[in-house]
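Labels run A, B, C, D, E and F following the written order; every chain starts at residue 1.
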Amino acid sequence: MMTRDELVQRGEAVRQQLQHGAYGSTGTAVNASVPGVSHLTKEAVFGAVWGRPGLDMRSRMICTLAILSVLQRLSQLRTYIHSALTLGLEAREIQEIIIQSAIYGGFPTMVNSLVRLSFHLELI
Amino acid sequence: MMTRDELVQRGEAVRQQLQHGAYGSTGTAVNASVPGVSHLTKEAVFGAVWGRPGLDMRSRMICTLAILSVLQRLSQLRTYIHSALTLGLEAREIQEIIIQSAIYGGFPTMVNSLVRLSFHLELI
Amino acid sequence: MMTRDELVQRGEAVRQQLQHGAYGSTGTAVNASVPGVSHLTKEAVFGAVWGRPGLDMRSRMICTLAILSVLQRLSQLRTYIHSALTLGLEAREIQEIIIQSAIYGGFPTMVNSLVRLSFHLELI
Amino acid sequence: MMTRDELVQRGEAVRQQLQHGAYGSTGTAVNASVPGVSHLTKEAVFGAVWGRPGLDMRSRMICTLAILSVLQRLSQLRTYIHSALTLGLEAREIQEIIIQSAIYGGFPTMVNSLVRLSFHLELI
Amino acid sequence: MMTRDELVQRGEAVRQQLQHGAYGSTGTAVNASVPGVSHLTKEAVFGAVWGRPGLDMRSRMICTLAILSVLQRLSQLRTYIHSALTLGLEAREIQEIIIQSAIYGGFPTMVNSLVRLSFHLELI
Amino acid sequence: MMTRDELVQRGEAVRQQLQHGAYGSTGTAVNASVPGVSHLTKEAVFGAVWGRPGLDMRSRMICTLAILSVLQRLSQLRTYIHSALTLGLEAREIQEIIIQSAIYGGFPTMVNSLVRLSFHLELI
C-alpha cells in the first residue's frame, strides 16, 4: 500500500495532469485559509478516488462533467471544462455530454451549462 | 432532415441496441397506459438525444450512469446497468463510475448505487 | 387577524376538503408520536399557506403535484393524487402534470411518478 | 400523426404565444452555437410536451413556475415569469405559486424566487 | 397554548437574538412587497419551529448551516453565518460544519460554501 | 502527520465509537465486494473528516442527521440514528433536528424521516 505522502503526491500529479487550479484561483485561496483543506482535497479527491485503477481518466472526466451539469455546480463545471480540454476531450464532445445530461436532470441544466461552456470557448 | 417516423425508428433502434426494457417491465406497462408516452420516450429521449452525433454511445452511457447514481434514480439505474453491460462496459468500470460520482454527489449515493449493482451482479 | 385556533381550524377544514390522511395512515401515526407535529402541520402547512387568498385550490394542487413529482417525494405524491382527484382534477390532467414536469426535472421522475399514478388508478 | 416539421412549427407557435425568448437572449445565443439545440428545444420541449393535449396552458405554466422555483433554476424562472404574465397569469398569483412551493421545497427557495419576481415587477 | 400574537412575538424575539436581517436587506424588501410574507416567516419559521422546545439554539443553527451548505442556498448561508457568529459559534466550527457536510452532499458544496464564509470573515 | 495506517485506524476507531455498521449489514457486504471501498470509507470519511479537530462529535452528528434528512438518504439516516443514540443524543433531540430541517428542505422530508425514526424507536 502507498504511504500517505505517496497518496498526496499521486493526487498532486492528477491535479497537475488536469492543470486543475490553473483556471480560477478562488478555491486555492480558500484552501489556504482553512487548515488541512488543501491536503484533504489532494488526498481524498484526487489521490484516493481520481487516482484509482479500474476506469480511465477520460471516463472519470465524463462522469464529473455530467454530474456538475445536472447538480448545477457551475463554478466547478467551468474549472473542469478547462481540465477536460487539457485532457483531450473535444469541445463538441463536452457539448454533447451536457445535452445528454438534460434528459435525466432537466433541460434548464442544459441551457445554463451550455452558456458556461460557450463563454469558455468564446462562442458567445 | 429525418422524418418523424425515421426519428422514432432511430430511437427504437437505440433501445434495441441497449436491450432497454428487457429488464423490468413496469415502465413499459405505464407507457402503455398513458397516451403518447411510449412514443414521446422513443422520439425525444432515444431518437432525438441518444441518437445524436458528436459523442459515442459508451460515453453517453457513462454520463447516464453517473447522473442516475447522484440523483438516486435507483430504478432507472438498475435498468441502465443492464444496458451498460449489454453495450460492453465491464462491471468493474461501472463500480468505478459510481465511486467517482461519490465525490461530487456525496458518499451515501455511492453506497446505495453499489448495493443495486452488487445485487444485479449477484455479488451479494 | 384570525386567532391561532381559527388558523388551525382553517387548516383542518382544508385537510377535510382534500380528504387528506384518508389514504395512508403512516403520517398520522407519526404525527401522534411527536409532540406538536400534528398541530404544526395543520397550522403552518394547511392553515397558513394552503388557506391563503390569492390563488385557487386547483392551482395550489397543481403546484404541489408538480413539485412532489420532480423532487420524487413519492409517498406524498400518492397522498396528494388522492386529494387531487377529490378536489376534481381528472386523472388525465394529473398524467399531463407529471409529463410536463419531466422537461424541467428529468424523464426518470416522470416514469416513477406515472407508475405511482397508474397503480393508484389501477391501470397497471 | 403530425410530421416532424409540423411538430417544430407547433413548438415555435407555443414559443411565440409565450413570447419566450423575447426576454433574455443568452439562451438564444447558445442555441445558435450548438448544432441542433434550437431545433431540439422547439421539437421536444415546446412541440412534443407543451403542445400536448390533456392539460390547459395555464396549468402547464403553473407546473413550470413551481418546479423552477423549488429547483432554483432562477434564470429560467425569470424567463417564464415573463411568459406567465404574457399568458394572463396575475403577478399576485405568481407570488402565491412561489409561496405554495416553499412548503414542499423549503423556505429559502421562496425568498430567492420572490426576489427575482419582485425585481421583474419593479417592486424593489 | 400561546395566542397567535404571542407566537409572532416569539418569532420576532428569535430573529432579534440572531440579529437576523441585520445583514442583507433584500429579503426584507421582498417581504414588504408581498402580502403576509413577513408575518408568515416570523410565525411559521421563527415562532413555530425555531422557538420549539426540545433542542437548543446552537444545535438548531448547526442543522441550518449544514443544510444551507449542501442545498447551496448561498444567499441564506451568508445570512445565517452572521447569525451563527452572533449566537456564539466560532468561525473555526463553521468551517468544520461545512467540511463535514461535504461527505454527504459532495465536495463542490464545500468549496462554494467555504468561499462565502472566507469572504464574510475577510480571510480572502 | 499521521501515517496512512494511523489514519485508517483513527477512522476505524470513530466507526467503533459510533457502533456504525452494527445496524444493517448491506453496506458492509457491498464494501467487501468492491476493491478498496471499505478502506476508502474508513480513510476518507471516518478518518480524514469525522476525525478532524475543530468540531465536537455531537455537532458532526447533528450536521449528518440534518443532511441525510433533507437529501432523503433514508437508509443512511437509519444507520446514523442508531449511531446518534449510541453517541448520547436523545430521541427527542433527533425528532427536533428533523423538524428543524423541514423549514429548509420542505415538509415532506420531515414526514418521511420521522417515520424512519419512529419505526426505529418502536413508537409506531
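Everything below uses one rule, namely that contacts are C-beta pairs under 8 Å (C-beta built on N, C-alpha and C of every residue); 3 or more make two chains touch, one makes a residue touch a chain.
Values in this document were obtained by computation on a predicted structure and should not be read as measured data.
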Any chain in contact with chain B as well as chain F: A, C, D, E
Relative to chain F, chain with the most remote C-alpha centre: D
Interface with more contacting C-beta pairs, comparing C-E to D-F: C-E
Per Cα centroids, the chain farthest from chain B: E
Chain centre separation (chain A, chain C; CA means) in Å: 39
Rounded Å distance, chain A centre to chain F centre (Cα mean): 27
Centroid spacing, where centroids are CA-atom means, of chain C and chain D in whole angstrom: 23
In chain C, residues with contacts to at least two other chains: 40, 44-45, 49, 52, 54, 68, 70-71, 73, 76, 95, 99, 103-108
Residues of chain D that touch chain F when the two form their complex: 70, 103-108
Chain E residues within the chain D interface of the complex: 26-27, 29-30, 33-34, 37, 40-41, 45, 68, 71, 73, 75-76
Complex contact set, residues of chain A against chain B: 44-45, 49-50, 52, 54-55, 59-60, 62-68, 70-71, 73, 76, 92-93, 95-97, 99-105
Chain A-touching residues of chain F, taken from the complex the two chains share: 1-4, 7, 35-36, 40, 43-44, 48-49, 52, 54
Residue numbers on chain B that touch chain F, as the complex places them: 72, 95, 99, 106-112, 114-115, 118, 123-124
